[in-house]
Every structure is written in structure tokens, then in C-alpha cells.
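In what follows, a structure is listed as C-alpha cells, so that the remarks can point back to it.
In this document, chain identifiers A, B, C, D and E correspond to the written order of the chains, with residue numbering beginning at 1 in each.
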Amino acid sequence: MPKRRGRISGRVGLPPGALVYTGEKRDEESKVTTIEYGEAIFEEQTANLFAGDFPSEGKTTVTWINTVGLQRVENLERLGKRFRIHNLILEDILNTEPRPKVEDLDDYVYLRIKTLRYDREKNEVGVEQVSLVLGENYVLSFQDSESDVFAPILERLRSGKGRLRRMGADYLAYSLMDTIIDNYFVVVEKVGDRIEMLEEELTGAPTPQTLHSIHQLRREVIILRRAIWPLREIIAVLDRGESRLIRDTTTIYLRDLYDHTVQLIDTLETLREMLTSSLDLYLSSVSNRLNNVMKVLTIIATIFMPLTFIAGIYGMNFHYMPELEWRWGYPASLLLMLAIALSMLAGFRVKKWL
Amino acid sequence: MPKRRGRISGRVGLPPGALVYTGEKRDEESKVTTIEYGEAIFEEQTANLFAGDFPSEGKTTVTWINTVGLQRVENLERLGKRFRIHNLILEDILNTEPRPKVEDLDDYVYLRIKTLRYDREKNEVGVEQVSLVLGENYVLSFQDSESDVFAPILERLRSGKGRLRRMGADYLAYSLMDTIIDNYFVVVEKVGDRIEMLEEELTGAPTPQTLHSIHQLRREVIILRRAIWPLREIIAVLDRGESRLIRDTTTIYLRDLYDHTVQLIDTLETLREMLTSSLDLYLSSVSNRLNNVMKVLTIIATIFMPLTFIAGIYGMNFHYMPELEWRWGYPASLLLMLAIALSMLAGFRVKKWL
Amino acid sequence: MPKRRGRISGRVGLPPGALVYTGEKRDEESKVTTIEYGEAIFEEQTANLFAGDFPSEGKTTVTWINTVGLQRVENLERLGKRFRIHNLILEDILNTEPRPKVEDLDDYVYLRIKTLRYDREKNEVGVEQVSLVLGENYVLSFQDSESDVFAPILERLRSGKGRLRRMGADYLAYSLMDTIIDNYFVVVEKVGDRIEMLEEELTGAPTPQTLHSIHQLRREVIILRRAIWPLREIIAVLDRGESRLIRDTTTIYLRDLYDHTVQLIDTLETLREMLTSSLDLYLSSVSNRLNNVMKVLTIIATIFMPLTFIAGIYGMNFHYMPELEWRWGYPASLLLMLAIALSMLAGFRVKKWL
Amino acid sequence: MPKRRGRISGRVGLPPGALVYTGEKRDEESKVTTIEYGEAIFEEQTANLFAGDFPSEGKTTVTWINTVGLQRVENLERLGKRFRIHNLILEDILNTEPRPKVEDLDDYVYLRIKTLRYDREKNEVGVEQVSLVLGENYVLSFQDSESDVFAPILERLRSGKGRLRRMGADYLAYSLMDTIIDNYFVVVEKVGDRIEMLEEELTGAPTPQTLHSIHQLRREVIILRRAIWPLREIIAVLDRGESRLIRDTTTIYLRDLYDHTVQLIDTLETLREMLTSSLDLYLSSVSNRLNNVMKVLTIIATIFMPLTFIAGIYGMNFHYMPELEWRWGYPASLLLMLAIALSMLAGFRVKKWL
Amino acid sequence: MPKRRGRISGRVGLPPGALVYTGEKRDEESKVTTIEYGEAIFEEQTANLFAGDFPSEGKTTVTWINTVGLQRVENLERLGKRFRIHNLILEDILNTEPRPKVEDLDDYVYLRIKTLRYDREKNEVGVEQVSLVLGENYVLSFQDSESDVFAPILERLRSGKGRLRRMGADYLAYSLMDTIIDNYFVVVEKVGDRIEMLEEELTGAPTPQTLHSIHQLRREVIILRRAIWPLREIIAVLDRGESRLIRDTTTIYLRDLYDHTVQLIDTLETLREMLTSSLDLYLSSVSNRLNNVMKVLTIIATIFMPLTFIAGIYGMNFHYMPELEWRWGYPASLLLMLAIALSMLAGFRVKKWL
């Protein structure tokens, strides 16, 4: 769970609604991209800070303001003032830790979602947070660090193809969520693939490393569940159509999104059960191997202890041991040992140890 | 879980409603069978592609169009256009992965169900997906690969016996679902039989192979649950009778279907509990065998170590060892060893190890 | 789970409502007992087949038709026709496998309950199924095989004592259910007794047989739960008093029945928890015994290995070994061994292994 | 679970509402205490049997009739007749086994609660049952055996202090329940104390006895849960204020009682989790000890086996063994053995076994 | 679980509403701080006992009376009388044990919350209880022992900065709860940090101490859950806005608090799952180590037992053993031993034990 430590506790003692950036301190500048579009219009501007005096009254176009990098609190304050966003919501946007949620405040809807990224090098799932504010004819989006999760949406807006430019701000918000959730499938399937590889390892030759893989995968499934479970509720809230900001034409798309979320949860639960089953299999195969090791030891000991004992007997130095002087004493003792060993082996075969 | 990999993630970045076939690419042609029937009428046509200009206005007959093979997206587009089906639904039909669901869109009801097939050779459960679209007087059905799951329905339609030809499209949709769910029983019972065989194995002589069977069966039960659990909700939605497309006379049949689904779920849960119990039994019997192995080892070691030690004593080469020169030293030492061994055995008998 | 196999899958491909007997084929005749009673009237007839022309219009008496043996489908058809019972219900009666359920069809209420029987010889729980159809002034009951579960009711009807003859058909249906559920207590208590015996075994000397008893009891508790859990819902449905067939005076008895069912479920859950706890106890005591076995082995090996080694030293044949020629070499070596053995024992006492 | 066996099954075949005492047969007489009180009045009478002709019409006082000992069915019949109590309720009072419940029959409310007692000698929880019938201006209470659970209430009534004499019958019923539930706290805390002692044992030196304590405590927590869980629902039913017998002024006290019950359940669940955790700890420490035992054995065997082998080599009787004749052969062999032993020990230190 | 013992059971036999202090007896004086504030007013007084004749009618200011130390029951009685608080509520305030709850009594709202404190020395979570009574224009708060949890609120009131002085008593109550819940994050994160340290230990070198850490952390998570779970319900009750004491402007802050609580619960559940996973990992690595120990033992025994046996053979004293007289007998026997040892080692390599 990357970047978990020391976040929220840094806020203790502050009054509610105080704007304090609790993420990692970095030197990077924040980047604010403002896009205004309609069916025939497309304008794009990039700045380090929101200008604060954006005129949008009486417009028929949709405005999307995407902020990357939250460490400049000033930027957030300007946006909050311009779009009349409650201080507690701004505090939520700054807080890079909390769980996904939705809040409908009549004038705008606030959405907080996790974005997942699969880090191929570390073979690990990374979690980021995206906040969306959907208003009458605008969408504000906030990310803490640069990522290309919204790139396909931007591409579709620029090209003007498809439905996106013709629909309202609610459809844009839906599209942003849709692209995030599509990414979940990639991550969940990666985890699924690793679980399948694990299963193959288990039927082959499990090593202690296998155990650590199971543990690692369980942790990742926990992270994924934390990100994905709340989504179902969030989309259900939007889907219920109580907000006037969400048009009827968008509802069917939200239902589709809901469907995807349920499927993700379903897959996650399946992965979880598979992991449980894998752990059981691993532990059982460890027990089996222990059993086999013990059998080998027992067979060896059971055969050689009596033999060594007999050799010990005839190694004693008593003066009067008649067998020692017999002509065939030595071969006879060897035959005796052989007979004992063979009967032992026969006994093991009866016990199905061999 | 066959064919799980790489499906949905193939859609990342596409706009919602884009029609892309995500199943296995194959060269087979798709097959579209169009059946039109009424109480006295029965017509059947087969083509590779839906003609697209099917006249059905003002008809009193029921039309069933069964498509096998989804890789020709063109076919789906024609059907979608002709029957005014929303693009997201068409996308769902093409997507061969997702979980079962129902969607009531007033003009038609969309149903997605899994079909199960028991592969005798691999001794494994195979999962396919069937989509049904139930409209005013038509049913569209979509399968990705040829199967004979609908053969009994076709037979009954052709023969004209029974209730089927006299009832509407909703009863046809019910019959298709009924035949799919009847097939579930076959698969679930097969799995049940294998679990019973496993139990017999467990009371007899469990091997490490038994463990893999348990693991394999657990996975299959997981697959079955994934297919069957959502069904209950789906049929409950239909049964609630909110759709105008489902007549009252069909409701009792749906309730019967609901009943079957609940029974399937019930059986699955029982199988699951039996598997859990079997795993516990297996692990416990492994522990017991380990215990027995250890007892044998301990008995052998406990008897022979003291004896070998005594033999070692009289094998020492000290010049002054009076026992060595005694006339009855050798037999006396043998008797001593015998006494020790016997008292050891008696001790084990007291401890109930023998 | 006796008689589970091959039942429902035998129906695959048949149209819904087709009457096919799926139980065991037997040569026994079915037996139909028709009882007509009122406060002062009692008539009883037995036949192999329902006559089919039973006049019951305008009667004030109650009619109870008890069918034992379902293999003659003809009998069921006649009853179905006479009492206008839906084909799907008749199909349900024939199907000897499904889970308990209730269905209220206005003109009659259909009930399906499991009867439990404790087989003393096999020490096993047997499950049968009883179907009840409660109509305006009649009760139909169906059993697949002869049993004396309804004998007390019959006796009370014959003797005319108590409330039974004065009340309506709904009270008769209640009485039949009550007598079945009273039988559950006998079976559940038998299982409870065996679990208590098991617990005593566990605190005494558990054997691998104990493990199989736990496993067997778990399976029986699973069977019992399957039979009893759905009952709660069924009786709750009847109790809610929506059916006009159930009089208000009967409702308090149904509530009492509901109470019994809840108590049965409660007891079953307790038994289940006790079994889980017993299994844990068993596994732990197996671990403890393994520990003890290993301690014995370790003590023996730790004491004798050094001693045997010393004996081995003085059994070496080097020409120049001064100790061998010492006058007190032999007793000194024996004393050394004794000292080593004693200090070993002291060490074990410190480690609390002895 | 004391006195569980053979209770309810003794009722099989009896018609519902038949009054049969199913508790232990005893020779003790039953004792009926009748108390009549108002703000200024207090009368107390004790008899062996309820007189049956108790005049209570038009009274403004409250009557409390406490019956100890249920084996005289006659007494119950008289009370039932006098206060018009339904036969099924009387049957419930006699039945000393069932789970807690509440039943509101308009004219009176029937309550069945378990009383818990901690048996210091057996170190075990004992369960009894109390039935309460709350009517317009009377409370009937029934206990199977003498106990002092109601003593504080009696004392408060006699002394006339506090609210009790001024309030109605519903407050008396509440007070009786309150005193019973206060006793639960004592029992639950006793069990809690024993679990804490167990935890200390576990961190110190767990013995197989510890395991039996865990098992015993788990069983007791199961018993406690069975007694306490249903209470929450019962008090919630009373609290909902639907019965006209419960005045508004009493509702706040019932809510307080509800609060206590929730707290008891909460504590029980915590105890259950602590027991689960303790069992895990116990099993893990058993595994750890096994590990340690095995390490000791392995160290001993690994050191002495090679040494004994070397001693064996030079104990061989070959005629041509040059080392045997070397002047320093013996000390050299001893040095070799020492070197081997030391390198072994070093190896173990590297593996962190020492 | 500190200070759990002997609390509530000390109340057995007392009438409901009796004021008895059940916490630890101490000599400390109680401290009552009375603060009166408005937008421009701030007055603060400290005494040992509430004066009892506090005039507050017709005031527009808000009064906050904070009591530290509950052992002086007299103080509570005076406050209860002055603010007309029900005796059962006063009893609840004195009872330092129960679970968090809320009670809305129209004239005032009673809240009971746990405060958590992380004891750095004992490395343990400590639990205290705070009671709040929110009235028209006053807040009463009660703590059993001195703590600085309310210090930031006091500071904000004194400084007059921010929203606090301008808002009503409900906002003060919210602020007090908010500061308590902010403290939860600190404690939960501490526990989270220790779990992460544990995980690192587990992947490195787990010791039996690790096991006790897991056990200790599980107990602490249990304590935290007990404190935090009921909070969700409590805040939901306040948030629902049914009480006239809570203004609309405060509702959004309560929703924010609710959100924090849900996040805390979410984190706790994650920690719990991580602990479960850690325990599994620990147990598995113990099993793995046992396996390794056994392998070493088996390898040593398997190699040296046959060798020692051969040495034993040639140590026998038979007169006629031809090999003993061979010129190369000794080296040949050594070579034989070497060959045996090497083939053993090769066998282990094949079995992947080396």
C-alpha cells in the first residue's frame, strides 16, 4: 500500500475545512488545462495556475478544467471561489488518502475515485486518486500526479468524432469515470494472470517464494477491493437519477458502468476465493512433503538400526561367543541381516509407504 | 476458467458502445436461423447473415432469430438496426465475458445467461454465454459457438406438440432459459458425483492427487456459483412482472424457474460445504499418517538405541573388563538386551502406541 | 446424502409440466387413503388408485386424501384433474428431490416439506419428501414411501378426541406439519447426542475414527440444515395470513410452529459450532500427541547418541590408546557415560520436557 | 450444555397445547408466592398451589404471582384458567428448553427469558428459564427451580422505597427483566476473566489443559450467545410500544435495557474473537515447540552421527589399516572428531538454529 | 483491554437510575470548567463542583460545561437537576464501560463516545469515554480523567478565530466529536505502522515474538472496532436531521464526519485482513522451517546410517571374515562408503532436497 503513512493524522487539531496539502511535497509545478468545447467548438489552454476570472455565464459550451498536481493550494482556492465549492469539499480534494465517495450538493456533484496503475517493474499495483466536480456546464477534475488515464478522452474531444462533443458535461464526467474503470479491468486481469501462474506453480513445484507471492497477491486484492467496492454504491447513487445535473440520456450509460463495476467486484471475489484455495493447496502440499521426508527417514532408520545392532552384537569382545568361531558365522550373520532388511521392506510395502 | 484472459482489457480506450468482437478469432462463418411460428404455422430459414429487411409489422406470429457465431459484427449491426437495439446492448452481446444480467428497456428485455457444458474428456466444466432479446413478438438469441442446448426447443417447435406454439414470445424466452437451467442440473450433479467419489477416496486411501482433485473441484464450484448466483436475481426481476412483455400466464412458469435456481444455489452451497469438510478431513488424515510414521520411527529408535549402546559397551577394547571373561557374559548380555527391549515394548503398550 | 444421484437431470429436454416419476422405480403398489371427517363423522377408505369422481361439492366435512407411493403417475393425474391443480405443481410433487417450498395459488396452497428419519442401524439421517395441497375443505398429502409419520394424526382423527375433528382443513394441514416438525426434534437431538458422545471421546482418547465421526456428523448437519432452513420462510409465508384458506384461529398455531422451527435452526447452528470446535480440538490434540512422540524420540536420541559415541571411541583399534590399558579405564568410562546421561536428563527437566 | 437431552422429543405425538411437564422429575413441592401492592399497600402470601379464585376485578393494586417449580401441572392449569391464558402459552411455560421469545396476545404479553448462573464449583455456566406473563394489572412469573434472582425486587417492594411501588405492572415486568440482565453481566464478566487468565497462560507456558480450557470457554460463549442474542429482538419488540400494556413512562427504561443487551452482545462477540485469536496463538506455539524439539534432535543427530561413524571406521578389524599403527593415530582421530563437531556447530549458528 | 474488570457487575441489585460511580476510586478532585461564549464574548471559569444555580434563561450565548473526573457523584446530580437530565442518562454518564451510543430526548441529545490514546511506553491502545449532552444553547461534556483531547477546541474558542464562536451549540458538539475522531486516525495509523513493520519482520526472520505481536495487534484491532463501529450509526442518527437541536448548516459537517468514520472502519477492516494474511504467512513459514529442519535430519541420517552399518560389519569379530585379510580391504571398504554417500547425495539432488 504505497504512500499510506502519515497522511490524515497530519490534520489533527486543524479546524474542519482548513486547506492543507497532505500528499508528498514535490517541486513540480501544478498544471491546469482548460478545455472548452461544443459540437463545433474546441479550445484548449494550459497554465500553471487557474486564472480565477473565467467567464462562463450564458455559455452553451462545456468547460473541462483538469488540474494535475495539488501541492499549490492557491490554485484550488481560486477554483473553489469561482465555482462556489464548499470548503469541506476542497479539503476532501486535497486529502489524497480517503476512500471513494460521491456527494450531491444540488449545484454540483462531487466524486472521488481511485485510479489504479500496474507497475510492471515492481510487479505491483499503484493507487492514485482523482476528484471530479460536475456542475451545470462544467467538469473540474483533480489529479495529484501526471498520468495518461484521461488521454483517450482528450483525443476523442480533439478529433470531434463520436458522441462526446454533442453531449453535455454529465456525459463528459461519465466518460472520465468509464475510462478509469476500463483501466481497472487491465489491472484486475494482470492480477488474475499472476494468480493463474501461481496455480501452475502450485501444481508443479511450490517453493517458499510461492508463499510470498500468495501473500503479496492477497494484499493487492485487498487494495483493489478497497478501491472498487465503494464504486458500486457511488454509481448506484448517480444512476438513481436524483440529481438534476444528470440527464436521462446519460442514465443508460451509468447503468452500463454499474454493470461493469459489479463484474469487477465479482471477478475480485473469485480471485479472492482462488487465492484462499491456493493457500490451502500450498499448505497441504507442504504437509505432504513433510510426510514424505519423514517416511524416508523412518524407512532408513527402521532398516539400518536393527542391522547395525546385529553388527554391534558380533563386534562385542566377550571371550566366549560360540558364533564367532563358526566357519559360516560371518555369511550367516550377513544373510540374517539381509532377511531382516527384506522383511522390513515388505512391511513398508504392506503399509503402502513404498 | 477457460478463455478468461485478455478479453475486456482489449476494449480499453474505446468509446462506449463501440462494436468490437472480443472473443476468439475464428474462421467459421456465423449462422443465422430465422423461425417464424404460430399455432398452425412453422417456417425455418438459415443464412450466414441476417438479411436486414425482415418484414414483421402487423404479424400475429412469433419470430425467433438464433445467431450462432458473433465474430461477424456486421450481422449484429443489421439486427440492432432492424430491431432498434441500443448500442450498449449490442456491445454487451459481443462481449463474451461478463456476468449474467437482465435489462428491461421497455421495448425489449435483454438477458445474458451462461450456458454450462461438462467436458467429459477434460473432466472439466466449460462456460459459454447466451444473450436473449425478448421483444413484442420476437426473440433474438445469440451464441458464440455452436451447441445443441436449444435443440429440444427447436424439436418441440417443429413437432408442434405441447404448449409452445400456442404461447407468445415470452414463453419462448422462458423455454430457452428453462432448457439452459435444466442443463445446469446435469453439470451440478456431475460435480456432485465427483465430490462423492472424492469422499469415498478420502475414507479409503487419500493420495496427494486427492488434494488436487479437491482444489480442482473448488475451482469448478466457484465457476458454477459465478454463473448461477446472478440468475436468481435476474429471474426475480422478470418474475416481478413489471415488464409489459411478460404475460401473466407466463409468470407461474418463471416462478417455477426461480424455484429451480434457488435449488441449484442450495445444492451448490451444500457442495461447497462438503468440499470444505473434505479438505479438513484430508488434512487431518495427513496429520494422522504423519503421527503414525513418527510413532514407528520413535518405537524403532527407542528400542534399538539402548541395545546398540550395550553392544557398543562390550565392543570396547579396555584391557580390564571383567564381564568379557565371564563364562556366561555373552548370553547374559543378550538376555539383558532382550529384557530392555521387552520393557520398552510394554511401555509403548501402556502409552497405547501399539 | 442418500438417493441424491441422477434425479433431476433425468428431466432434461422435457417440456415444463411433463409428469415423469424421477424417484426409484419400485414394484410396490401406491396406496390412496381417503378420510372424510366432521365433528361427528369419520369415514376412511383405502384404494390403490384415486377413483377420480369424488363428490365433494357443498360438503361441510373435511376430506384428507393421503397418497403413499408416487410411481403410478396416473393416480396423480386423476387427483390433479379433480382438484384442478396446475401441472407444474404436479410435476413438483413427482420430483422427489427439490428443496422445501410453499406456493399460494389462491384456490389452494402447495407445501413441500422434508421428513427426517433416524436410521438406527446405519446411524444415519434419512430424508424423504412430503407434499401437501391445502384447499377449501380438503388436504391432499403425498409421500413417496410408506412411513408412520402421520400415524398420530390418524389416531387422533379416529378417536375423535381433542380439537382436530372440530377444526377445518387448515388445522389438519397444520397438524401434519406439526407432527413432521416434532420428528425433526427427535433427529436433531439424536445428532446432538452423538456430538456430545464425540466430545467425551475427544477429551478421552481420540482415534482416527473420531475424525470420521466428525466428518459424518458435519454432513448430517448439512443435510438437516438443507431440510430445516427453508421451513422458516415457508411457515412465515403461511403465518402472514395472506391466504384466505388459513383461518385466524389457526394462525396462533402456525406462530407456535414458526417458533419451533426457529428453535430447531438455533440448535442446528449450535451443533455446527460445536462440531467446528470439536474439529479444532481434535486437530490440536493430534498436534499435541505428535509433539509428545517427538519429545520421546528426541530424549532417547539425545541420551544414547553421545553414549554410543563414547563406546565407539573405546572400540577403536588404535595401537596406542593409553586409556585402554588403565586399570580403571573401563569403570571410569562407564561413570563418564552415566554423568553425561544424568546431565542430559537434568537439561530436559529444565526444559520441562520431563 | 446442562440438561439438554431428551426434552422436547418427549412431546412427539402429543397434540399441540397438551400440558406435559418435560423438565426433570423432582419431589419438591411447587411454591406460589402472591404479592399485591400499591403505593401504600403490600401483601404477601405463599402457598403450594394457586387457589384459583383470586379476585382481582376493579382493583387498582398490582398483583405479582411468582411460581417456583413447574412439575405440578395442576397449578399451571388453574392459573391459565383464571387469567385466560392460551394453552399453547401454557405449553411453552412448561417446556423448559426453548429459546427466548416474546408473544403479544393483546390481553397479555408472554415473555420467555433465560437466567444464567455461574457455578463456582464446576466453573461452568448454568442456564435456567423464566417465563413472564404481563397483564393489565398483574405479572405472573414462572421458574423451574428455586433461585434468588428476584430477591432484590422483592426486597425493594417490601421496603416500599424507590419508584417500584408507585408504578404499574409493566414497570414490575421491566424490573424483573432488568435484574435478570444485570446477572448476565456478572456471568459474562466471569467468562471474560477466565479468558484473560487463559491469555496469560498462553503467553507463559501453555499445556494441553489450556486447549481444553479454550474448548470449554468456546462452548460457554455459545451457550451465552444462545441466551442473549434473542433478547435484543424481544426487547426491541416491547420497546416499539405497540402493546397497550406498556406505558410510555416505561419505554425509556426498556430502551436502557435494550442498550444493555446490545452491550452484552458486543462484549460476547469480542470474547469470541479473543478466543479465536487465543486458539490460533495456542496452535502456533505448539508448532513452535515442535520446531524447537526437532531442532534439538537434528543438532544432536547431525553432530554425533559423523563422529560415531569415524569411531566405527577405526573399530574395523581389517589387518592392514595403517592409521591404527601410527603413534599419534588416536589423538589425531580425536582431533578430527572435534573439528567436525565444531564446524557442525558453526554451521548451525549460521543457520540461526543456536 | 485496560480497566475492563468488575465494572458493571458492581451495579447488580441496584434499582435502575441509581447513581453509583463504577470507575476506579481516586483521590483527585473533579474539575468543572464553565465557558460562555458568543461572537464577541468569551468567559471561562473553573471550579471543583458545579455551582448549581447557573442562570442561562434568555441568553444568546452558548455555554460549555466540561467536567473532568466523575467520582464526585454530587456534581453530576447538580448538573442533572439544573439541566433536567433523566436519571438513566446520568447513570449512563457514570458508567465508564458501555459502548458508544446516541439518545435523542427532544430537549437534549445524549452522546457517548470512546476516546483513544496511544500509549507509547506500553505500545498499547488506551480507551477512555466521553459523554456529551447537547441542549438548546449549552453543551455538557464529561470525562473520567484529565486529557488534552479538547485542548485545540478550547484554543480556537479563546482565540475567537474561525467559525466556532459564530456558530451554535450544535457546532460546538460537532467540533468536539471531530477532534475525537481526528485522534482515532492517529491511533489507527500507529497500529497500521506496526502491522507494516510486522510484515517486514515476516518476510525477514520471524521469531516466536512475531506471533505474540500478531496476537497483540489483533486484540487492539478488536478494541478499535468496538470503539469505532457504533460511531457510524450514531453519526448517521444525528445526520438524519430529526433533532431540532441540530441546525441545517451543521448537517454538512456531520456528513463529513460520517465520511471519516466510514473511512476509519474501512481502514480497520483492511488492517484486520492484513493481520489474518500475516498470521497465515507466519504459520506457513513455521511449517516451511520445520520442513527444512526435517530435511537436514533426514539427509544426515540417510547418509551416515548405511556408512556406520558397514563400519559395524567390519568391526565384527568373526574368525572367518576373508575381507579382513585382503591387502586392499580397508581402502576398498572406504571407497564403498564413499560411493554409497555420493549416490545418496545424488538421490537427494534428484528429489530437489539439496
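Methods note: a residue touches a chain if its C-beta (ideal position, glycine included) is under 8 Å from a C-beta of that chain, and two chains touch if they have at least 3 such contacts.
Quick caveat, the model's predicted, so the values are computed rather than measured.
Shared numbers divided by all numbers used gives the overlap of an interface; between chain A and chain E this overlap falls below half, so the copies present different residues. Mean C-alpha positions place chain B and chain C at a centre distance of 26 Å. For the pair chain D and chain E, the distance between C-alpha centroids works out to 26 Å. Chain centres here are Cα averages; for chain A and chain C they lie 42 Å apart.
The multi-chain contact residues of chain A, meaning those touching 2 or more other chains, are 287, 290, 294, 297, 301, 305, 308, 312, 315-317, 321. All chains join into a single ring; listed from chain B onward through chain C, they run B, C, D, E, A. Residues 152, 156, 162-164, 175, 178-179, 182-183, 185-186, 189, 192-193, 196, 203, 252-253, 255-256, 259-260, 262-263, 266, 270, 273-274, 277, 280-281, 283-285, 287-288, 290-291, 294-295, 297-298, 301-302, 305-306, 308-309, 312-313, 315-321, 352-353 of chain E touch chain A in their complex. The part of chain E that touches chain D in the complex is made up of residues 1, 4-9, 11-13, 15-17, 86, 88, 92, 97-99, 101, 103, 205, 208, 211-212, 215, 218-219, 222, 226, 279, 282-283, 286-287, 289-290, 293-294, 296-297, 300-301, 304-305, 307-308, 311-312, 314-317, 321, 323-330, 333-334.
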